[in-house]
Amino acid sequence: MASASQLAASLKPSASPEMVKRAELSEIDASTKLPALFFFGSSILWLLVGTVFALLASFKMHMPHFLGDYEWLTFGRVRTAHLNAVIYGWSINASFGVAFWLMARLSRAELRHSGLLLIAAAFWNIGVTLGIYGILAGDSTSIEWLEFPPYATPLLFFAYALVGAWAIITFRFGRSKHIYVSQWYVLAALFWFPWIYSVAQIMLIFSPARGTVQSLVNWWFAHNVLGLWFTPIALGAVYYFLPKVLGKPIHSYYLSVLGFWSLAIFYNWAGVHHLIGGPVPVWVQTAGITASFMMVIPVIVTAINHHLTMIGSFSALKFSPTLRFTVFGAVAYTFTSLQGSSMSIRSWSEVTHFTHYTIGHSHAGMYAFFTMVMFGSIYYIMPRIMLKEWPSAKLISVHFWACAIGVSFYVLVLSIGGVKQGMEMNTLPVGADGKVGGPIAFLEIVKNTIPWLKMRSYSGILITIGHLAFAINFVWMLLKPGSVGASAPTLFRNAPDLEVTR
Amino acid sequence: MNRAPLIFLGIFFAMAFSWTGIILTNQISYGKLTPYVNLDDGKAYPQSLPGDAARGKLVYQDLGCISCHSQQVRQPGFGTDIERGWGERGSVARDYIREKRVFLGTMRTGPDLRNGGARYAGQGGREWHIKHFYESTLTSAGSIMPPHRFLYETRAIVGEPSPKAVQSLLPAQYQPAPGFEIVLKQRGEDLISYMLALKDPELYPEEAARVYVPKAEPAAKEEAAK
Amino acid sequence: MSTNPDPNSPQSKGSLEQAGASDESIQRVHAILIREKEEPQEGFTPMPLFLLGFISAMIFLGSVYFVHYRGDFDPLVYDTRYDADSAKAAASAPKELSPEQIVAQGRVHYNTCASCHMPNGQGVAGAFPPLAGSEWVTGSEEGLIRILLHGLAGPIMVKGNPYNGNMPAFGPGGGYNWNDKKIAHVLTYIRQEWGNTGAPITVEKVTEIRKAESARSKPWGDAELQPFEKL
């Protein structure tokens, strides 16, 4: 690969510093190629695996006899396998790829000895494979978000140590003087994750804490994986790709600072909202509810920052896949977070806790927000490391519409079905004579949820189609030969006068 | 680059704040939760699970039952857990102090199981579970709980039919071929023992002194003062 | 879909310029990196003022909520409505349960019975006898207590209808293990509910009968209970 100085020299002699910087960026991209490819490739593989488990679990809910004779495919194991495949397989692999590509670019430092990151990727994926196998075989710990058996987790630790160290080294050797907002988010996430994961492993598995302190640790951990790993990585991506694709600066540095620190302080405490009404002291429940309520601050601040950056350029959404996926994700972030804050209010939690509503919410967060942002990021990064364009704009379009409509429908049906379920569970009907009757029979309520569960399965089929389009496009891109000469970005439609890049 | 240490410190303290507040303080205050000895029967509550029920809990864990069932009764006035007969009182932290792993759960696709052993008990309870695990609609019309027939085995009758055979509880369409009987595997026996052992005792005195008591009416206060 | 390069567009300019270079990769690199926009920058628009007001309001509301629902920071408090003073007053009050409280407790215990006898006490025709208006409930307490303690099996007549089932034992050894207080309270409840008018059942009476029948382990049958029904 030609070096930066050669490239700069090969341009016009009066090449601008901007051009030099871009030549440098191409070097950096090249240094991240192999690990990024491995992380993205494995993430997409796990996305497909997780999607299969998702379909199985969803269909089994309203067709319990479907493949019901196989112990290794019983609902409790399949659902758990789905969760772990999409979190540790798809989401974290994609996070790694996007995180250190962002780190390398923003620090303007080449990834050194990037080949060693391939070992990290291999270990991570072996760990996840072993973990999923263990869950299906019956070794699940049944600790939510931490179900991998203890023989798989050391591999994950080792892989993480390598990735974490590499990102920090890259940052340390960076040429950039200014620490851009995306870097705060990514660095923070890289620091927070091993801490919460270690505490959870120790206090839940290796030296279990007393009684429901386990529950407090469990939900402190699980909610913080969402809020202090996935959210920062995705926000870091949004803060990079939004201004990058538009060629505009982020609206306000001050809002970025406020958004970051208020997230750091409040998100930590919000995890207890999973235990409202549970056997933990009332004061800690109240603390979690208050923190969840205060989360509205960083969410609104970030939403304003993003919106005011986008304003005037919404037409770019017609062309750019990256922008479309990223903006969809950013809007979903605002929606999901406000929904989450509302769910912590005790009277609303009384209704929605334990129902399908919470599943709709979790998919609004992990899919409509996080996954869609990751899709957008991968659409941007891949051409830069492969030096080829995405083969088919049609497939990108199918991917976007199938997943956007699919997940929106998913969240809608489970929200309606879940609220209905919760209302029926928790209100005592008042008879014609004014006397308060007994609660509605449980099996009656189960029967009423079935149509909504069926609709969820249909939305799952739509989402699967989107994933297949994505996977096909990805593999096609890997296999197709690089084209000589000018290349144009694969956009949704021609962008003649708008200088819109991927 | 000078900002980096400051950012690091901020990130560190943000996490330390919640770790201390949520986990450390409760770890310390839970240290004071000891089992309560009931003077009437001399037993310490909560009780540990007996051996086969403890094994059954591991079966519960490996089958992922927590995906659909919770094990926590909410306080009176919050939800209808008590009106549904899922418990006679809300669950408290002391109920779980003997548990090596706590399965509070977050989904009620199926009912709460915290006091399942108080709802289905004795021989009748055992038979209910045998039917329910084989085919849930036998006991619960419209149930979406998947069949757990892998907890049973159909085997040839050798000599005398086993006293542990369960097919007499199952309707005609589930009867095995002549000369065969259906028995529970050890995993199934253990799981049912666990189901029957799930029972919370009466509210401990320290917690009972802290339940919600509506404020006394002024008239009643005067009455009491007389 | 690939646009035909516009000869005036930046990427074409770049690649035309590089026609002399032999390295194809340089050409491709140029195309992508040239068309890219600048690396992201931060703008420095000051924070809108209304945000300050909004955030202050949030902090205020959050603090009010937290203080109101803190449950005195007592690790043994699980109910948000907990009020230390009322609880203390109630604790120092006499421990005797009022008749209303006994019935209320009985209603909670009745939830276990409701799965068969139904919340409205009507039972299930042909399977589980009704409790509402049942002569077994409002009649002799001797028989009723014995049924709860040891269970009931075999054919019986209730309100003129035949039933033939298996009621489990709620006394010791039956798996439910209800104590005398629970049995007395639930029986008191059913004797005054759904239009039934029967006298409350005392805990002492239950204890007396349990001791008298301590040798018993089998469920009762209709014939065995008849002598007690006449008492």
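Order of writing sets the labels: A, B and C. Residues in every chain begin at 1.
We adopt the following convention: a contact is a pair of C-beta atoms (placed from the backbone, for glycine too) under 8 Å apart; a residue touches a chain by one contact, two chains touch by 3 or more.
Please read all numbers here as calculations on a predicted model, not as lab measurements.
> Suppose chain centres are the mean of their C-alpha atoms. Which chain sits farthest from chain B?
Centre of mass proxy via C-alpha means gives A as farthest from chain B.
> If I rank A-B and B-C by number of C-beta contact pairs, which comes first?
Pair with the higher count of C-beta contacts: A-B.
> From the C-alpha centre of chain A to that of chain B, how far is it in Å?
Chain centres of chain A and chain B, defined by C-alpha means, are spaced 32 Å apart.
> Just give me the whole-number Å value for how far the CA centre of chain B lies from that of chain C.
Centre separation, chain B to chain C: 12 Å.
> Among the residues of chain C, which are close enough to touch at least two other chains?
74-79, 82, 114, in rising order.
> Provide the list of chain B residues touching at least two other chains, using ranges where the numbers run on.
Residues 26, 29-30, 75, 83-84, 90, 92-93 of chain B touch two or more partner chains.
> Scan chain A for residues touching two or more other chains and write them down.
279-281, 287, 346, 438
> Mind pulling up the chain C residues that touch chain A in the complex?
Chain C residues touching chain A: 1-3, 5-6, 10-12, 14-15, 17-18, 21, 23-48, 51, 54-55, 58-59, 61-63, 65-66, 69-80, 82, 114, 119-120.
> Can you name the residues of chain A that touch chain C in the complex?
Within the complex, chain A touches chain C at residues 1-2, 7, 10-12, 18-19, 21-23, 25-26, 105-106, 180-182, 239-240, 242-247, 249-256, 258, 279-283, 286-287, 289-290, 293-294, 296-297, 300-301, 304, 308-309, 346, 383-384, 387-389, 392-394, 437-438, 482-491, 493-494, 496, 499, 501.
> Considering the complex alone, what residue numbers of chain B touch chain A?
1, 3-4, 7-8, 10-12, 14-15, 17-19, 21-23, 25-27, 29-31, 33, 60-68, 70, 72, 74-75, 78-80, 83-84, 90-109, 111, 136, 140-150
> For the complex, which residues does chain A have touching chain B?
60-62, 64-65, 68-71, 74-77, 79-80, 135, 138-144, 171, 177, 179, 184, 187-188, 191-192, 195-196, 199, 203-204, 208-217, 220, 228, 261, 264-265, 268-269, 271-272, 274-275, 277-281, 284, 287-288, 346, 350, 353-356, 358-359, 425-428, 438-439, 442-444, 446-447, 450
> Would you tell me which residues of chain B are touching chain C in their complex?
26, 29-30, 32, 40, 75-77, 82-85, 88, 90, 92-93, 118-119, 121-125, 196, 206-207, 209-216, 224
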